[in-house]
Amino acid sequence: MSSPKANLEILPRGVQIALGLGLVALLAFPWVGTDFYTQMVTRMLIMAIFAMSLDLLQGVTGLVSLGHAAYFGLAGYALAFLMPQDAAVSLWWTLPVAVLASALAALIIGFFVVRTHGIYFIMVTMAFAQMVFFLFFDNKILGGSDGLYINFKPSAQVFGFTLFDLENKITFYYVTLVLALLVYVFLRRLLWSPLGRALSGIRINEHRMKAMGFGTFGYKLTAFTIAGGLAGLAGYLWGAQSGFVNPELMGFHMSAHAIMMVILGGMGNFAGAFVGAFTFEYVLHVLKDLPTLQMFGKDINLGKHWQLWMGTFIVLVVIFAPRGLMGLAERFLQKREYPKGNSK
Amino acid sequence: MTALSTDLLLSAKNLTKHFGGLAAVNDVSIDLFKGQIHAVIGPNGAGKSTLTNLVSGDLTLTSGSIQLNGHDVTGWSAEKISKQGLGRSFQKTNVFLPLSVWDNVRLAAQSRDSQQPWNPLSWFKNTQNAINSIAAQATNMPASEIIKLCKLENRMHAIAGTISHGEQRQLEIAMTLATQPRVLLLDEPLAGMGVAEAERMIELLHTLKKNHAMLLVEHDMDAVFALADKLTVMVNGQVIASDNPSKVRADAKVQAAYLGEEEHV
Amino acid sequence: MDFPTFLIQLLNSVQYGLLLFMLAAGLTLIFGIMGVVNLAHGSFYMLGAYLAYWLSTLMGSLTLAIIVGIALAVLFGLALEWLLFRHFYERDHLDQVLLTFGLIYIFEELRSILWGDDVHGVTIPEALSASIPLTDNLSYPVYRLFMSAVCIALALGLYWLIAKTRLGMKIRAGAFNRDMTEALGINIKLIHAVVFALGVGLAAVAGMIASPISSVYPNMGSQVLIMCFVVVVIGGIGSVRGALISALLVGLADTFGKVLLPSMSGMLVYMLMAAVLLWKPEGLFKA
């Protein structure tokens, strides 16, 4: 199907420095940005968690899932079901429950889906996600096509003591940032663990892994479940932040966006997914905000047709930068290390 | 050479494999003893590769049974059979091309770790420590020793996709050894090798004989007669002779069917 | 369920199944022979429907519209293959998924720009607008029978093309061993272009003939795409025969499911797919 690719697992020094600077910028951001932009960057951080979860599946294990958004949306809906109409519910138990719900769904669906390979896997993940989509879309009890509202932010009270207030946008931002960093650190650790090494091996040559005694089904299912659970974490935060969930959160458009984020940044090192999520969300924001031009005597609202620009952007990235920004950075930095005239 | 029952590591009886109406392997039995190299030869299409795949678990048997290290492994998957102590190398080089030689062997060594992907311990364990503790066990050969044995010390950090064909074949063997097998199935290890490389490989295989039971599928007749303690000849899926190499060589049936043709080629 | 109702549901199942087959056959052929997965396949269906609407309004006749529409759709398919798709036959499935997803966005927006976002109807031609009476108050539309007939004719044509013609032989050879086929002097690039155009054509025709029944509306491609994927997964990728049997199965499950188990109707087809996968992870038939 595809030739085995070497992932950029060890980040070049230049990239590490850039990421460090990025982290400083993220820490300082709410002090310099407005409320609107703080919310926007919070959303980007949530998408970063979503993208990193998919990177474990796609970048590391080589499984292209067109149905990853199902686990994202499910956790958001879990929060919606757990949150009463008139009071805030506690973060401390609803978050784990939502994440576990997504992980459980991933485990069940994964059991059917992970036994397939290649193109089958892609199509089957899409089909199962659509099944979940229709389950919610068609049934009024689950909110139907209109979705559900989440009237409050989850409360962070412990024994009557309020640790922090998520209704405060800056607090929400920092909580999300901390979670995103924890996810990053967890996944980087996982990458070099025996599980991570095995998953990389499966991506490169699953047949040989089996011949060497690795039970690859179990490994893939584990990756699928962990990825689903982490997607659920992102979905919970999304629901909490936006106060609203609808079936579109589980649809294959959302899944395809996640795939795009992972590719855009560069696969297999989680930093790429982080950067890719930010880049994708930013591009989306810019495209939707394009001005209305006066052309040929008519008002042409460029922002309204953002899908056209986004589609073109996606096509161009696939054609010209298939290894994403990390790939470009890698090529650029390698040229710098070997200046003209040196042969190495 | 007397065969003690404890030295009978693999016993395959009446193996048959049908593909549609065709019997690719027809009632083939083979025994592998520790300290012995059992070579299987035959013209193309004789069913040698199919036989190897049946024993390794890559193909399902139509009928027959296999005993490995005292366990009945009939119908077991390739993963389970590998865990039980059978290692197999491939005719077409099947290594992890984007990884370094060292990483290839380490990954193979990792296969002997307790495999519990579910266990969060395996998400936080230090991989090198895990591999080291496996290597520390008395009966196991550490990865560094395996690499030395396969003469790859100088290429440890080279990417597998960039080393020469002969070195890749050596890596094939190294990876198979790193799974600490007691039984080795080697599918044309000398494939595509030049004279000097082939000599090194023959030397290596001879060294391995002492501690392993080995099945060797090969076309290189010089290697076969240099290494084999037992020789089985297959034609059209069936065994036409199975004995000591000198006896097989003299067998008229074999000469007619195979070796005789070889001389004309 | 009394017999006339059963008959109606059965006929509907077959008609829906055959329509799905038109799409699934193209998708499975394009994947089986060129190894490319195309998420935008539903867009060709949508293209057919919109062409039917636009051309029939322009020319006053659905029949004429279909004839001209097929030609336009095939030309569009050939251009798309030449410009984009042929460069992606050797690429990762991941790249193909993203490329075709980007195309979905582009096609949807172009559709919006060219023909707007309203729902449109397409009128059934006079000759086919009658209904066959089954009982005192139930009758079956002739047009639906016509749709099934067209699909059957095309299915037979496809079978004849692939199994009985030299072109079909070359197509099958190309799927089996591309390099060898090329070495034998067969223009594999042309074969690929033909297969791609065939896939686009079949999807577009499906859209065209379905348009009077389904109406013409935004996103109609996405809905039918999912069903199409399910059909291909159940049938086995690369197998046209599998696509036919699977499409009819899905048609039956979906239609009767909606009538007998309305609360589970949406999920029934997916449960069917899950069951098939447990038994045969690569679908019912080999390529």
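Going by the order they are written in, the chains are A, B and C; count residues from 1 in each one.
FYI, a residue touches a chain if its C-beta (ideal position, glycine included) is under 8 Å from a C-beta of that chain, and two chains touch if they have at least 3 such contacts.
Not measured: the values here are computed from a predicted model.
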| item | value |
| --- | --- |
| Neighbouring chains common to chain A and chain C, by label | none |
| Longest centre-to-centre distance from chain A, chain (CA-based) | B |
| Top chain pair, ranked by number of contacting C-beta pairs | A-C |
| Chain A and chain C: spacing of chain centres that average the CA atoms, whole Å | 32 |
| Centre distance in Å when chain B and chain C are each reduced to the mean of their C-alpha atoms | 48 |
| Centroid spacing, where centroids are CA-atom means, of chain A and chain B in whole angstrom | 43 |
| Complex contact set, residues of chain B against chain A | 56, 58, 77-79, 82-83, 87-88, 90, 94-99, 106-108, 110-113, 115, 117-118, 122-127, 130, 159, 175, 179 |
| Of all residues in chain A, those that touch chain B in their complex | 4-6, 189-190, 192-198, 201, 204-205, 207-216, 218-219, 221-222 |
| For the chain A and chain C complex, residues of the former touching the latter | 1-2, 58, 64, 66, 112-113, 115-120, 122-124, 126-128, 130-131, 134-135, 137-139, 252, 256, 259-260, 263, 305, 307-308, 310-315, 317-319, 322 |
| Chain C residues touching chain A - in the complex, by the definition given at the top | 31, 37, 39, 84, 87, 91-95, 97-99, 101-110, 112-113, 222, 226, 229-230, 232-233, 237, 263, 266-267, 270, 273-274, 277-278, 281-283 |
